[in-house]
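Below you'll find the structure, written out as structure tokens, and then a few comments.
Think of it as A, B, C, D, E, F, G and H in the order they're written, each chain with its own count starting at 1.
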Amino acid sequence: MRQEIIFAGFGGQGIMLMGKVLAYAAMLENKKVIFLPSYGSEMRGGTANCTVIISDDEIESPIAENPNLLVAMNRPSLQKFEMNVITGGCILINSSMIDQHTSRDDVIKKKIPANTLAAELGNEKVANMIALGSVLELTGCVSKDSIILALKKSLAPRHHDILPLNKAALEIGSERVE
Amino acid sequence: MKKVIVKPKVLHNIPWHYCPGCTHGIVHRLIAEVIDEMDLQKDAVGVASVGCSCFNYDYFDIDMSAAAHGRAPAVATGIKRVQPGRLVFTYQGDGDLCAIGTAEAIHAAVRGENITIIFYNNGIYGMTGGQMAPTSLPDMKTTTSPYGRNVQETGFPIKMTEMLALQEGCVYAERTKVSNPASINKTKKAIRKAFELQLSRAGFTIVEILGTCPTNWGLDPLQAIKWMEEKLEKQYPTGILKNSKGDSVICDKK
Amino acid sequence: MEQVLLKGSEAIAEGAVLAGCRFFFGYPITPQNEIPEYFARRLPQVNGTFLQAESEIAAINMVYGAGGTGARVMTSSSSPGMSLKQEGISYLSCAEVPCVIVSIMRGGPGLGAIQGAQPDYFQAVKGGGHGDYKNIVLAPSTVQEAADLTYQAFDLADKYRNPVIILGDGILAQMMEPIVLPNEKQDFPEKNWALNLDKNRPRNVISSSYPIVEELEKVIIRLNQKAEIMKGEVRWDTLQVEDADYIIVAYGTSARIAKAVVRQAREIGIKLGLLRPITLWPFPYDAIYSLVPQVKAFFALEMSTGQMIEDVKIAIGRERPVYHIGRYGGVIPRVNETLEKITAVAKG
Amino acid sequence: MTKVEINEELCKGCGLCINFCPSKVLNYADYTNNKGYHPAKLINPEKCTGCTSCYLVCPDCCFEIYR
Amino acid sequence: MEQVLLKGSEAIAEGAVLAGCRFFFGYPITPQNEIPEYFARRLPQVNGTFLQAESEIAAINMVYGAGGTGARVMTSSSSPGMSLKQEGISYLSCAEVPCVIVSIMRGGPGLGAIQGAQPDYFQAVKGGGHGDYKNIVLAPSTVQEAADLTYQAFDLADKYRNPVIILGDGILAQMMEPIVLPNEKQDFPEKNWALNLDKNRPRNVISSSYPIVEELEKVIIRLNQKAEIMKGEVRWDTLQVEDADYIIVAYGTSARIAKAVVRQAREIGIKLGLLRPITLWPFPYDAIYSLVPQVKAFFALEMSTGQMIEDVKIAIGRERPVYHIGRYGGVIPRVNETLEKITAVAKG
Amino acid sequence: MKKVIVKPKVLHNIPWHYCPGCTHGIVHRLIAEVIDEMDLQKDAVGVASVGCSCFNYDYFDIDMSAAAHGRAPAVATGIKRVQPGRLVFTYQGDGDLCAIGTAEAIHAAVRGENITIIFYNNGIYGMTGGQMAPTSLPDMKTTTSPYGRNVQETGFPIKMTEMLALQEGCVYAERTKVSNPASINKTKKAIRKAFELQLSRAGFTIVEILGTCPTNWGLDPLQAIKWMEEKLEKQYPTGILKNSKGDSVICDKK
Amino acid sequence: MTKVEINEELCKGCGLCINFCPSKVLNYADYTNNKGYHPAKLINPEKCTGCTSCYLVCPDCCFEIYR
Amino acid sequence: MRQEIIFAGFGGQGIMLMGKVLAYAAMLENKKVIFLPSYGSEMRGGTANCTVIISDDEIESPIAENPNLLVAMNRPSLQKFEMNVITGGCILINSSMIDQHTSRDDVIKKKIPANTLAAELGNEKVANMIALGSVLELTGCVSKDSIILALKKSLAPRHHDILPLNKAALEIGSERVE
């Protein structure tokens, strides 16, 4: 099994965190994993993206050459990356921020109104965890528990009070993706 | 209806890559306005430095040269020596000017090189992601001073423009800020003054402009403006530091 | 053996800390800022000193000062910054000051672009500085190796009283992989050549100045002899070379892509193997040459227009063709485009 | 009479103009532009005095002012 | 054609002035101080500008500024100073700013010694700076050639919009020989890419910054294609190669010694010839390779521990042995000791 | 009979390579005397720079490090950060300190680095054969200002020690000369004061010493001493420029 | 009573000591040392006051003074 | 014919000038010639030396490997260079400054009291020209006229009044060498 996922959006949406937490969870499950962020002047003006590759076998090239999932958290990200997804792959759209969908018809199209649902949960910041919940649902690449454990291990104990919220977000994300 | 105020002619009509609320853009516009008003589009050469403003050669519709990190004053010197009649200015951040470029700036001032440095001081390395600059404030948290700038270990903020003003070759040094309409107008006047002195071959001129870096300060644009006025300006009082072709000379304020 | 998820930069920094490095002097530059930033957080915790210098030049000369006292010390930078350090590196080599220098390559020349690339091979391996000198150059290709080779680099530096260079690229520095960290080093060599305040020895001098040419020549000959001994540290890795008709030579990030290419080539019936130099200096000339009899052609896969390929050519002579494959300026070679180029040669 | 035009696609929603407009002419739009920012918008154009403060503080040169 | 007696440094400077160079930026360093000193006297006489910069780094960046306006401009330095210029040279190459850079090698590494040596071949030829770039490198071996090649260097620089390096050593710079100077150049190429105040063209930009990697890659490919064209400028000289059983390859001052060795070798019945690269980049690979069939062994005579020899090896492959002969650190190889080493090989 | 005055213990007993009458030797001796008197032979590390004094690592019988041209303050920083208890000083000429080494010196001062710079100012590049330095006097003829230093083209003499004194991290800056027994004694006191402040971890200290270069000034040793007092000292008035742990602070004398 | 000793082989004949000796104790020797310099020499040792001026100004550390 | 001459002394003795003038004269006679000075920190502390090679044929190596004449203008120079002279070569000593002679017995030993004679001529500075006169006498490598012409061409016209003195010095040098 091999998953190549692109997370893309703008700075402040917690794009890097989505990727890192997923990678951490994959490590906890003893999978091979690579996380590669975009960086530098690309980040001025607010775009941010990263890729995660999860595999049972050695990951050779660190570049996601055949991403099977794009998580587009805002409009420019969709435009930038939609053509990269392999035929038969999937594009997950944050429908709170993006009103159209991809023009590609050789991919599976999925939607999650991440910001709306996050607002409903009382904290727009967890939109990323909602989208991540959808990712888990769509790919099954790691378990929700691993994600929670990853969050727990990467957060200082004084921040552990936000874990329940994140757990809820993950669950909503996996339930409400369509 | 008459166009009263529009984007200056010497600015290309493309969006800028700066973060929301970053005041680099204001300073760019001011420079462009002055060049327009002095009708110098064909006579001006800008020297871009390395920092968030490093792509500004794309923004100004004038001859531009993009210098290596810190070396803009040397590049400007090379240009000015060949074309002494042109308006030659550098645009440099505090990292570029006060760290790696210290020597080049000081020696341009020592030589009384007829160039103008536009010095954008936001007390941090913006481009590279918020590292400490020699201009960072005491106790300021940055990615390379995660526990706050420890003055015992890293010293006090550098007095850069003061050092430049100290040299005889420097004829004009003013520190301004771009935190509200009034200070923005004042900054424009300072830039114009420096350019005029340069064209009269009076010597080296510098305008230090306190600006923001909301992104790396971790503040929203308005908070950043406030922080600039409350903290940055306290360390770096605005005013004329040297005007040897004019009158007042305020040097070390301490 | 707990796994941790680290960026290449962080692995380098933590590897250094575990190897006893307590002094870091550097200047920010993308894509290696996470190295100084890591040290800035970490060194105060272990009573070490992180100091951001005013420039790369100041940083490398602080390394010269600190290394001269015998302390384990490191600096890191990226392409333009590494160019600025060349004078200092030449001094460090000549004065035989052990230290570790991390060069994270990005797209050049000039200001270039900040994405990962490999166009500073010549600079690191042949010596971008002046004079005859040799530094060991280690080229990690995974985050694990980034930690391990940095850890070992300090021992190599002390063993030979010589700078050791870690040559990576932006991809290596930025990507995260799960790794197992080495143990904290406890024993360190004595350094009675150092400015180390040992009141029982005569004073020491750290210098690279030899105004009398005959003396300088002796020093150069001695350094050259040391270089011959350092050649014993040559290291490389191979993948499916045993029956290979074709060989890719690649290091660092390129070597990872090459691995995928090897796998895919085998799938379509091309017997491709990989030789991955781990030390770029010393370069595994003999290991490569030993493959000549069985191999029809060599490929040098580099993220540059052709630098390491010169060493491959020196290794194999004109006995076999060597083809250069590369992408430049921060563009990463794709597995399939690389495979296509190899297929074109293999299928004639 | 003054007319103020805002280039919404250049706007990054920083809010500086909104803050510095002495006549409270400006506010955020409720929609986002192509970049995903809520651009500044004239909500009380009739109150505008043409003072140019908005133009002066806008870091992205979004304003044109006519009289 | 009047002869004048000039130092190599003075010949370089006067060659530049006659080629229309009116701007010089430099920083003192032995053994090339006579270059800036000559310009300091001479340039004011021809309405030119001599400026002593605060450092080598400032000097090379002033060259970048002045060269960007289209002016003919030069700088010069010696080993440690050349190391400091490497970042700037990388920028100049990438931004395609024509200029002439004189590197007068001395004994290194480090502060070393100030006598003539040749250990900066790698730096000049392979590129001590970062990124993929190529500069034409000219290696004069007489004072006459120092003037002539410098004179021509300005045309080459303009022709290719590329820096050109003159690589000499302390002996060349310091010795005086009678020479005939070239005529003052009158016609200069138009430069519509320059910041040259031509009010009828759109504005120009001099830059080496390409944040989008695909754009940078295109630039690198274009620079690489230009390099392929520049390879047409390859130049070399030969002495008695026609019937040679053995060939010395040597450049600059070493080549002069090699000439004497060839003469003396012939006297004792060894058929020795000399191939002297005049351009070190492009290197005369083909010319050297063409000698392989007739030649039993090659010798690389260098005042370094072995740098150019790598290019000789690339040229001839493993088909013939290549022996390194050298003295280091400012010691000049003697004719007879060189001959002895060659005799030892020739006589088996 | 008692030995009253002999060569200081920390000086090796070998002849120096300096030209006849060159005052570098006097300054060396003074440093050695202070180290002797403070009993710091085993605790001192000197950092030699590049200039005529570059071989002085052979003269002092203490740990020495020979730095690249201009970089002595950075090297000293590296040493001091590892061994904060030691006396670390650099010995630098005006070319080394005020030209290529400008940035390293200024940032050592900015950081308040606990080191002492002994700055030998002879207004010229001695080692390389008499080129103009940033400290050369207006109209002074040197090999690279053969028609005299043209202030229009090359500027006025740099105010180096003044710049260093301006930084908060600099606690002590004095300019002295070595032109007669009295001024030599005064110089020694200044060196001692700087060393003491360093050992008390007060911050950055510098002693600028006006010295001669008879060879490149084209004067005999006595004429050189006179020229130093008449010309060099006029440009560079001796005295305390900063003593922030003491009292008087004279900064910009203009 | 003071005794001044001069290390003639170190002396470079610069004349500074001769100039600064307030008691005119010193002058050049008429012979040269191994380097070819005329070294300083005590011509009026009895006039010496032991003021140490010669020691202070000598750039080559040629003097030793005993009392 | 090939001459390799070392001039050595201390700074201020006009050592470089001797070499340069000789080289210039050789050029005027259309000979091949090379002048190579010592330089740099060697010159601190006062030593100075240079070599001149004059030949009818191309001069390959610029290094005087087999000097046939050493002109030693002071004691340390004699010590430094006496072993370099080839067997059968010649050592010319400035006997005003050097009281011993070389210990080598396979070379021709010559003396000229250059400073004494120069003082007699009224100007100690021309000691170098006196020694150069001896060199011409000993080697015949160029004519005195060429030397005078070389001096004339290399001096600004306002200094031409010193030419007669130099001419006299050359003549004394060639006459009095012994």
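Throughout what follows, a residue touches a chain if its C-beta (ideal position, glycine included) is under 8 Å from a C-beta of that chain, and two chains touch if they have at least 3 such contacts.
Source: prediction; values computed, not measured.
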Query: What's the overlap between the neighbours of subunit C and those of subunit D?
result: A, B
Field: Fewest hops from subunit G to subunit H - one hop per pair of touching chains
entry: 1
- line: Contact-pair count is greater, between F-G and A-C, for F-G
Statement: Taking each chain's mean CA coordinate, subunit B and subunit D are separated, in whole Å, by 26
Message: Using mean CA coordinates as chain centres, what's the gap between subunit A and subunit D in Å?
response: 35
- prompt: If you average the CA atoms of subunit B and of subunit H, how far apart do the two points sit, in angstrom?
  reply: 61
Statement: subunit B to subunit E, mean C-alpha position gap in Å, rounds to 39
Message: Two or more other chains touching the same residue: where does that happen in subunit C?
response: 30, 49, 51, 54-55, 57, 80, 87, 91, 95, 110-111, 114-115, 207-209, 211
- request: Could you list which residues of subunit B touch at least two other chains?
  value: 16, 18-20, 54-55, 66, 68, 99-100, 102-103, 106-107, 127, 134, 153-154
- line: Contacts with two or more other chains occur in subunit D at residues none
Parts of subunit F lying in touch with subunit C, wherever the complex brings them together: 42-43, 45, 47-48, 54-55, 57-58, 61-68, 71, 74-83, 86, 103-104, 106-107, 110
Message: Quick check on the complex: what are the subunit F residues that touch subunit G?
response: 1-7, 11, 15-16, 18-26, 29, 180-181, 184-185, 214, 220-222, 225
Query: Which subunit E residues qualify as touching subunit F in the complex?
result: 27-30, 33, 36-37, 40-41, 44, 49-52, 54-56, 80, 110-111
Residues on subunit G engaged by subunit F in the complex (per definition of touch): 1-3, 9-10, 12-16, 19-20, 37, 50-53, 55-61, 63-67
Field: Interfacial residue positions of subunit B with respect to subunit F in the complex
entry: 99-100, 102-103, 106-107, 109-113, 134, 151-156, 158-159, 162-163, 166-169, 249, 251-252, 254
